[in-house]
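You will see two complexes here that share chain A, one where it goes with chain B and one where it goes with chain C.
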Partner chain A sequence: MPVFKDTEQMYEVLGTLFERLLAHPDVGPKLIASGIRVRFYLTEPDGEIYVSPKGVVCGTTEEPADVEMTMRADVAHAFWLRRVNLPAALAKREITAKGPVANVLKLLPLLKPAYEMYPSICAEKGIEVE
Partner chain B sequence: MFELSEELLLIQKTARRFAEREIRPIALELDQAPKDDFCWEIVRKGGEIGLLSFLIPEEYGGGGQAMMGYTILLEELSVACSGVATIFGAHGLGLAPILLSGDVEAWERFFPPVVAAERSDRPYLCAYAITEPEAGSDVEHEEGARTARLTTWARREGDEYIINGRKCFISNGSVASLVTVFATLDREAGIDAWTCFAVPTDAPGFVVGRVEDKMGQRACPAAELIFEDVRVPKENVIGGEGGGWLLNQQVLASSRGPVGAIAVGIARNAYEIALRYASERYQGGKPIIKHQAVKMMLADMAIKIEAARLLAWKASYLADTQLPPPRKEPAMAKTFASDIAVEVCLDAIQILGGYGYMRDYGVEKCLRDAKLCQIYEGTNQIQRLVILEEIERELNLT
Partner chain C sequence: MKRAEFGFSMPVQAPLYPPPPYDYEVELVQILFRARPEALLGVVPEPLEPDPENMVSCVVARYPRVSRLGPYHESFFLVGVNYKGRFGTYCPYMWVSTDSALAAGREVWGFPKKLAKMELTVTGEVARGVVERGGYRIIDAAVYTAGEGKLEHILFADIFFLKVIPSVDGVTPPELRLASVSMENLMLEGLQGGPCTLSFEPSPSDPTYLLEPTEIIGGVYCRGSWTLPYGETLEILK
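Moving on to the complex of A and B:
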């Protein structure tokens, strides 16, 4: 059974995560300075989340993206809980990315606060984390 | 699409200058040195211009470059000496599992020593160790890997792993400070038990065995590595327990464009020597370049080099813009570039005639160097299997 009961709940959880990351006092300015625009295509439940220096858009937008990442919502959830083996997930095509992915890899060190924030965001939004 | 960015042009220009000023003057000397000699001086000089931290993210003080930049860099170094290019290439290959693991904690542990020592008297080199005496092509291709039995194995004891076994033909193996080693957690379990470990070479039980006396690319040592109860902390697992095979696949898919570029560099060197010689050597009252038979050979050499370079660039472009990196194009680039490199070197020797067969002109070195590109990082026969597998997959024939 999928972690998120519907698209709305997924947007609520993941959208909040990205908004807080952009507002984070240390990481936010660096993410904004990177200028990178990422579109996540999520499935089960289906949806799109667009993250750019301008902010977070949950839902379809025509805004251009540098990198497009596709994954099941459950995989995204597991990723933020640090339960995804990235090379294995990529090799099995559970996560795919198009665009200057080297730039995305460079951003990974900036995501550390997100790993710390995510369980509490899940708790706030009523998602049980085992 | 066919123009390099300003950043890549700068990499090309810097690498070309470094190769001509620092590598070419010593290339023949390095080639003819005893097998145990290693030129730390050229590594130090490379470190001064950031060649050892080239792929490390800027956050950690590195160059933050990706495979396209590495491809441009390695072609230029290889024009002067592919043995030296392979020192830097094998170093990048050793770092690649750590980088591609996406494990930021591993980055924080293993990247800073490389950056810190880059401009020191003893730079911190890396190596990639997967090949074993009984597991060569089998570790490059899934069909073989499913039946292959890595004999290097690791067992967990508390918060440590204990590694035992033997690797062979490991580029930089005898001079590296850190080796990314692939071992199995269960010798009967097949690829699902393969695991990558970052092993510092000062760990007790790590022994450098035989250093090979190679035919070509002699500036870069290839060594046997022996692991006798080598203990590493559990944090040195790269890409997770059992993640070794999938990590290896991604590393090789990313690195085959740069390996193709090494072959392109060798071919370019041979071609440029032949072109120069053909312009200066008179026979029948005119430079031999004015003879149609020689023109044809030189034109074919130029075509092959250009085509191989474009394949290498495309492979690295795709590796930089797609995750997971594709397998077909890098295999094509590595295969084609190394095959044409051998052909171009043979033709260059032919154009130089008797002089080409002698060591002084450096073309026979090119041929010896080029041959290795058909063998390492998966033989070209294995590459062709990969290419067809991918084509069959695309056509839903599997």
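Moving on to the complex of A and C:
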């Protein structure tokens, strides 16, 4: 059974994660200064999340992206819970990243604060984390 | 000397290293490969479990600037592992080129550091890292850098380590602390990669050869920066 019951719940959880990252006192300003624009294509439930220095858009938008990442919502959830072997997931195409590698690498500083925030966001939103 | 005057590390009147965090400038070669499952079981301590992908990362790095610790070279292996459902990497071997890096790594985090001679060079299109200890070339890692490095050839995750603190009296059991650390402010630039080679000369004191690759997945050469903060204790092993 998928972690998120529907697209709305997925937006509530993952959208909050990215909004809080943009507002994070350390990584937020760096993320904004980098100018990077990322679109996440999620499936099961289906949806799109767009993150840019201007903010977070949950849903379809025509805004251009520097990096596009595609994965199942359950994989995204597991990734932010530090349960995913990233090189293996990339090799198996469970996660795909489209865009210059240099742009994808700009996302690396987000990882630690996101890992730290995500379990509590899940708890706030009623998503059980075993 | 008064207690309030003690330095952070020994000797307290002239400490070998200051407290973390340390900020690094980095240049490194990393080769990702698979090793035999039995070999990984031989280096990964319980309660960690080798990840079923049997992935190992071998890194040779040059740190031209490290805040308050000075420049040094470092080499290490990271094995993909799972701890209570959390993916990470375990560091079974690590070598450094200076005493301050050695002592700080062992005493603060529990990194299994030994001193070794090493170098990282770029000649033509090849970046090469070599580690020698006790007359053995225990690591020789080279990457052809003419192409763009691939994300799936990088193994970055939290690092788990087992800090062993022997007792002073020889009677009390040693403290075995399972801990982890996560790099902060991680930036990698100019990721280059291509065909790579990796070899380990058999040494009785540094048996890297037991982790001989069954498959080389890929290699990268890059520059970057990161911050090494304090770690966190996961559990004290009984």
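Keep this in mind: the second predicted complex is superposed on the first by the 129 of 130 C-alpha atoms of A that agree within 3 Å, B and C clash if a C-alpha of one lies under 4 Å from a C-alpha of the other, contacts with A are read in each partner's own complex, and residues count from 1 in each chain.
Quick note on the criterion: contacts are C-beta pairs under 8 Å (C-beta built on N, C-alpha and C of every residue); 3 or more make two chains touch, one makes a residue touch a chain.
Predicted model only: the values in this text are computed from it and were never measured.
In the three-chain model built by superposing on chain A, chain B clashes with chain C. Of the two partner chains placed around the shared chain by superposition, chain B and chain C are both touched by A:A97. Contacts of A:L108 after superposition on the shared chain: both chain B and chain C are touched.
Contacts of A:I32 after superposition: neither chain B nor chain C is touched.
In the superposed pair of complexes, A:A88 makes contact with chain B and with chain C alike. In the superposed model, A:V57 makes contact with neither chain B nor chain C.
When the two complexes are superposed on chain A, the residues of chain A that touch both chain B and chain C are 85-88, 90-91, 97, 101-102, 105, 108-109, 111-112.
Remark: chain A residues 26, 81-88, 90-91, 97, 101-102, 104-105, 108-109, 111-112, 115, 130 touch chain C in the complex.
By the touch rule above, chain C contacts chain A in their complex via residues 32, 51, 53, 55, 80, 85-88, 148-158, 182-191, 217.
Note for the complex: chain A touches chain B at residues 85-88, 90-93, 95-102, 105-106, 108-112. Against chain A, in their complex, chain B makes its touches with residues 57-60, 64-67, 99-104, 107-108, 239-240, 243, 246-247, 249-250, 320-324.
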